[in-house]
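Accompanying notes for the structure given below.
Naming follows writing order (A, B, C and D), and every chain is counted from residue 1.
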Amino acid sequence: MTGRRGQVGPLLTSPAPRATHRPVQRVVEVARRRPVGAYVELVLAAPDIAERSEPGQFVAFAVGGPTSAHLLRRSIAIAGAGDGEVTVVVAPHGPGSTWLAALQAGDTVDVVGPLGRPYPMPADGTPALLVGGGYGAAALVGLAARLRAAGSPVTAICGAASADRLSSVEELGELAEVVVTTDDGSAGRQGWVTDAMAGVLGRVGVVYACGPMGMLRAVAEGATAAGLPSYVAVEESMACGVGVCMTCVLPVVGEDGRTRFSRSCTEGPVFGGDRVRFADVGALPWDVVGADAMGVVAP
Amino acid sequence: MTGRRGQVGPLLTSPAPRATHRPVQRVVEVARRRPVGAYVELVLAAPDIAERSEPGQFVAFAVGGPTSAHLLRRSIAIAGAGDGEVTVVVAPHGPGSTWLAALQAGDTVDVVGPLGRPYPMPADGTPALLVGGGYGAAALVGLAARLRAAGSPVTAICGAASADRLSSVEELGELAEVVVTTDDGSAGRQGWVTDAMAGVLGRVGVVYACGPMGMLRAVAEGATAAGLPSYVAVEESMACGVGVCMTCVLPVVGEDGRTRFSRSCTEGPVFGGDRVRFADVGALPWDVVGADAMGVVAP
Amino acid sequence: MTLVDAAVDMTTALGAAPIPSPVLTASGCSAFGQELDPFIDLTAIGAVVTKSVQLRARSGRPTPRMAETPSGMLNSIGLQGPGIDGLLADDLPWLAERGARAFVSIAGTRVEDFAELAQRLRGVPGVLGLEVNISCPNVESRGEVFACDPVAASDVVAAVRAAADPAQPVYAKLSPDVTDIVSVARAVTEAGADGLSMINTLLGLVIDPDTMKPVLGGVTGGLSGPAIRPVALRCVWQVHQALPEVPILGMGGIRDGLDALQFVLAGASAVSVGTAVFNDPTAVARVHEELAAALAARGFGSLREAVGYAHR
Amino acid sequence: MTLVDAAVDMTTALGAAPIPSPVLTASGCSAFGQELDPFIDLTAIGAVVTKSVQLRARSGRPTPRMAETPSGMLNSIGLQGPGIDGLLADDLPWLAERGARAFVSIAGTRVEDFAELAQRLRGVPGVLGLEVNISCPNVESRGEVFACDPVAASDVVAAVRAAADPAQPVYAKLSPDVTDIVSVARAVTEAGADGLSMINTLLGLVIDPDTMKPVLGGVTGGLSGPAIRPVALRCVWQVHQALPEVPILGMGGIRDGLDALQFVLAGASAVSVGTAVFNDPTAVARVHEELAAALAARGFGSLREAVGYAHR
């Protein structure tokens, strides 16, 4: 297990580079809205954001309107950008995402984006595996298109707990060979995305993933074990999305081999899969830079 | 000036009695919405409230929906009740009334009502003058209908700063002889409602008013000077609307001749015009019951 | 839902006085109970905590008495109320007649006032116990608030405990506006408090951008509502941590069952719902239902099992 | 609008250091400024108040580090930062190069730490002055927070004032979690503080209803945002009332120009915008514009005229 305590061998990934464009803030209109299984797809008329965004980036919404008690922004992956529009897929969960999912065509919303670092591209033509969990698959659509344009054959695995929690299967189907898995077998194969990965790893050169942390960990570990570089878009709790609050950190191994608490909004959300110390998320390992000043000593 | 410090002669009014029905709380749907000049008229599908309400009462809305930072209810006079519907006229002002005014047909809102004491009725057939300032005129429509049904000839004066701030002129026109005044002369006579009152006081037996405090004071003083009983619906800042918070008090002379800080939500909003000590609103006169315990001594 | 509720034993106690529900009104936020009668069953809630009463009738402060603030409000009512005579003549008999329990909040500006109030309330039917509102200025100490000084606070509590009906538990109501709430809690407990009510409002101020003066006639006022909930929970947590045997009546921004659950988990064996009643007159009863459902969903057989659970 | 703005003189000062705008970032709420560069002109705002820096680089606390609360949030970042070496090597040169003013927040757990930091910052280009974050546990006093004890707080401020560049004003940042904020303000002013930053966060707690444990790894955290604004305003009001000559950098829940106006009217000669930046990355610049327009609309020719106006 590279990139973790007791690390063996060199890392397979370089840190994802910054995006080309800087973010902007806009009040935009919802152009269209469509329920998709358990989710809601919103298409925003947001040309300034659409033209700047790259696959893997996200936007951050202010929620609740002028009377809102909810101050913090909600980060949502960009599921598509083009023709002046940005698409997102929202899973109603807490108060903010529920409010977002209830937006109607014609409503306006304050959004900042594009934010975060995009998925780095492999050498042209490198066969790629994309793994999406739940609404995470939506974030991979733009990447699949860009990979195809660069000559990469693309295989995509979309997994979810049940059929209604799958997303973007159709969109990915136009760009890639798609395998579907569900925990309950209500669509595709019954099982986890990692079960489906096994057969594909041998014929790709890079792995990309987006979805819940447990899945990202399993995908990254599988890729690393197979000697493949992987890039994962993590989902840490974020307050600002723009890099100023320091709430969204997780332990990531840097280029110098040292682990730092890195902000997933500005240094991520895309990290090298072998650089994220998944097992230590939520903990403070002694070898994180600055842990000594917190009174944590080497064992 | 009766009912004030240096009071002369007996009071002309009895305190308004309680309403017949107790209030209920309901989540109701907006059936229709219509902009009226500077205001918005909302018609609510609220049969339980409609059937219980009497002219002069009000309802209290929770504002901002599930994500709201605004905890306190907004009190709005009932401008009409019948056929299972309750009508209100909202002037967008601060965040809560602006939110209410933006409600659309089909939206739901949490409302408590009917609240407060209604206008007491005079002896059948007593000619009555109704004076409404701004959106306050809306609250008089139901009263006009009830008075007419009891055989009272009704004259109504509707006043406002400008034409777009008048309300319910048409509705009142079907029930009463209506005089319109505006400060800027953009509709009706230029001037104040009190200018128009002078000519009418001689031929009525009771005066009712709803509108801003300055106007209520002038109307009440005019009626009292003419020896006429008057009933005014006051507008004090309210936090709960149901009588539990004690924020909405003003100095009112009780049946025993003593002044108390009375809650305008449950002991009002309708008070005898000669019982409200308008000049002392916002002050703590020494002769208010319990002022001595606050350290205020008789001069 | 009803079945689930029935499964959780929601009984608790204020000191030694048993109550059927852990959810009470908060002093000053439900007057003397009557106005909530159209909305909830007053006999089913834990108790009606009455508006703080003093010896004499009080007019309270002039208006404006409130300002809405983000997720909260500021008030400066000035303890308007009928005085102990009015309370004994009108309000307590009304509650007793209906079978509702009253937890009477008493206030004063000298130690003797509090003692006299406790004395007058001995054996009064329907009076379950006393909540001592020590967030009042102490006239004998240049107006410093009793609750801000462990010694002054203990003096009041000791005098009340000595004068009060032994069957009536005495709860001291603490202010969060202190450097060390645990030391105040310890002092009043040693002085004989049977439990602690916490928290009272935080001292706040709002300026009207139009008049450019403080909104409230009294300049400052008390901040309440969901805005202060994290501060209230921290106080309950700290005091339960230090004094696990002392019963706590928790309050401060409780609006729904999960809010109440947080207070219970932090160490409160009962809760008061205050400002939320202004938003929803059924709040006290609703919070009871929601708390019962939340406890059931988490596998608790009784409220008592959950008290202080977050410390384990 | 632009014409109206131009009419109001918005210049002010931190101690003796003049600044072109009274609106600053708040420590810990805009990192070291860089991330706001896409959204606002960093040279036009009063200053970038940097995240509190300590002698050594710090990892900060493990996640979760925050919880959203009604109209606010709780945080327990644990002062993650590069340490003074990193600050001097990277962050301050970046700001200085851009022509942005830095008001450097320093923190430590012993008096000597603070003094050493002040010493290291002497004469550093672009460093306008120092904000002393005394809301840190004092390792020499069983972890009691410096800001909660007038003596410990003054010790820190005296040491910093003695070690710091005389051209750099020293502001002491006060905590609201005290019984008497005026006595702390008086003590640190007498110890040499050129001004006061107020307020820091309130100590709060949130319990996760699912895990039934405190949300934050650090158990308690700091409450910020509009929820605490009335408390912050009260603190500014009280201190300005008692010490009208002492400059105040006001903060706590400022979200728009009218919020900032309230602080100015209460006695602040400059303000910091903290948590609101998380909601709106342009907040600092927007608040400047809105405050200028609000002052103009009220007939003020300059910001200075409005400082403390509500007391008159």
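We take it that contacts are C-beta pairs under 8 Å (C-beta built on N, C-alpha and C of every residue); 3 or more make two chains touch, one makes a residue touch a chain.
Here is each chain with its UniProt name: A, B = Dihydroorotate oxidase B, electron transfer subunit; C, D = Dihydroorotate dehydrogenase.
Being a predicted model, the structure only gives us computed values, none of them experimental.
Trainee: Which chain is most remote from chain B in terms of Cα centres?
Mentor: A
Trainee: Have a look at B-D versus A-D and report the one with more C-beta pairs in contact.
Mentor: A-D
Trainee: Can you give the whole-Å distance between the Cα centres of chain B and chain C (Dihydroorotate dehydrogenase)?
Mentor: 34
Trainee: Calculate how many whole Å lie between the centre of chain A and the centre of chain B, each centre taken as the average of the chain's C-alpha atoms.
Mentor: 57
Trainee: Can you check how far apart chain B and chain D (Dihydroorotate dehydrogenase) are, centre to centre, with Cα atoms defining each centre and the answer in Å?
Mentor: Measuring from centre to centre gives 47 Å for this pair.
Trainee: Hey, what residues on chain B touch two or more of the other chains?
Mentor: Where chain B meets two or more other chains at a single residue, that happens at 69-70.
Trainee: For chain D (Dihydroorotate dehydrogenase), which residues are shared contacts with two or more other chains?
Mentor: Each of 70-72, 225-226 in chain D (Dihydroorotate dehydrogenase) touches at least two other chains.
Trainee: Can the chain contact pattern be summarised as a line, a ring, a star, a complete graph, or none of these (other)?
Mentor: complete
Trainee: Sort out for me which residues of chain B touch chain C (Dihydroorotate dehydrogenase) in the complex.
Mentor: 22-25, 62, 69-73, 110, 112, 236-237, 239-240, 242-250, 260-261, 266, 281-284, 288-294, 296
Trainee: Residues of chain D (Dihydroorotate dehydrogenase) touching chain A in their complex?
Mentor: 28-31, 34-36, 38-39, 51, 54, 56-66, 68, 70-73, 75, 77-78, 80-81, 83, 217, 225-226, 275-282
Trainee: Along chain B, where are the residues that touch chain D (Dihydroorotate dehydrogenase) in the complex?
Mentor: Residues 69.
Trainee: Would you pull the chain B residues touching chain A in the complex into a rising list?
Mentor: For this pair, the touching residues of chain B are 63-70, 95-96, 98-99.
Trainee: Which residues of chain D (Dihydroorotate dehydrogenase) touch chain B in their complex?
Mentor: 70-71, 226
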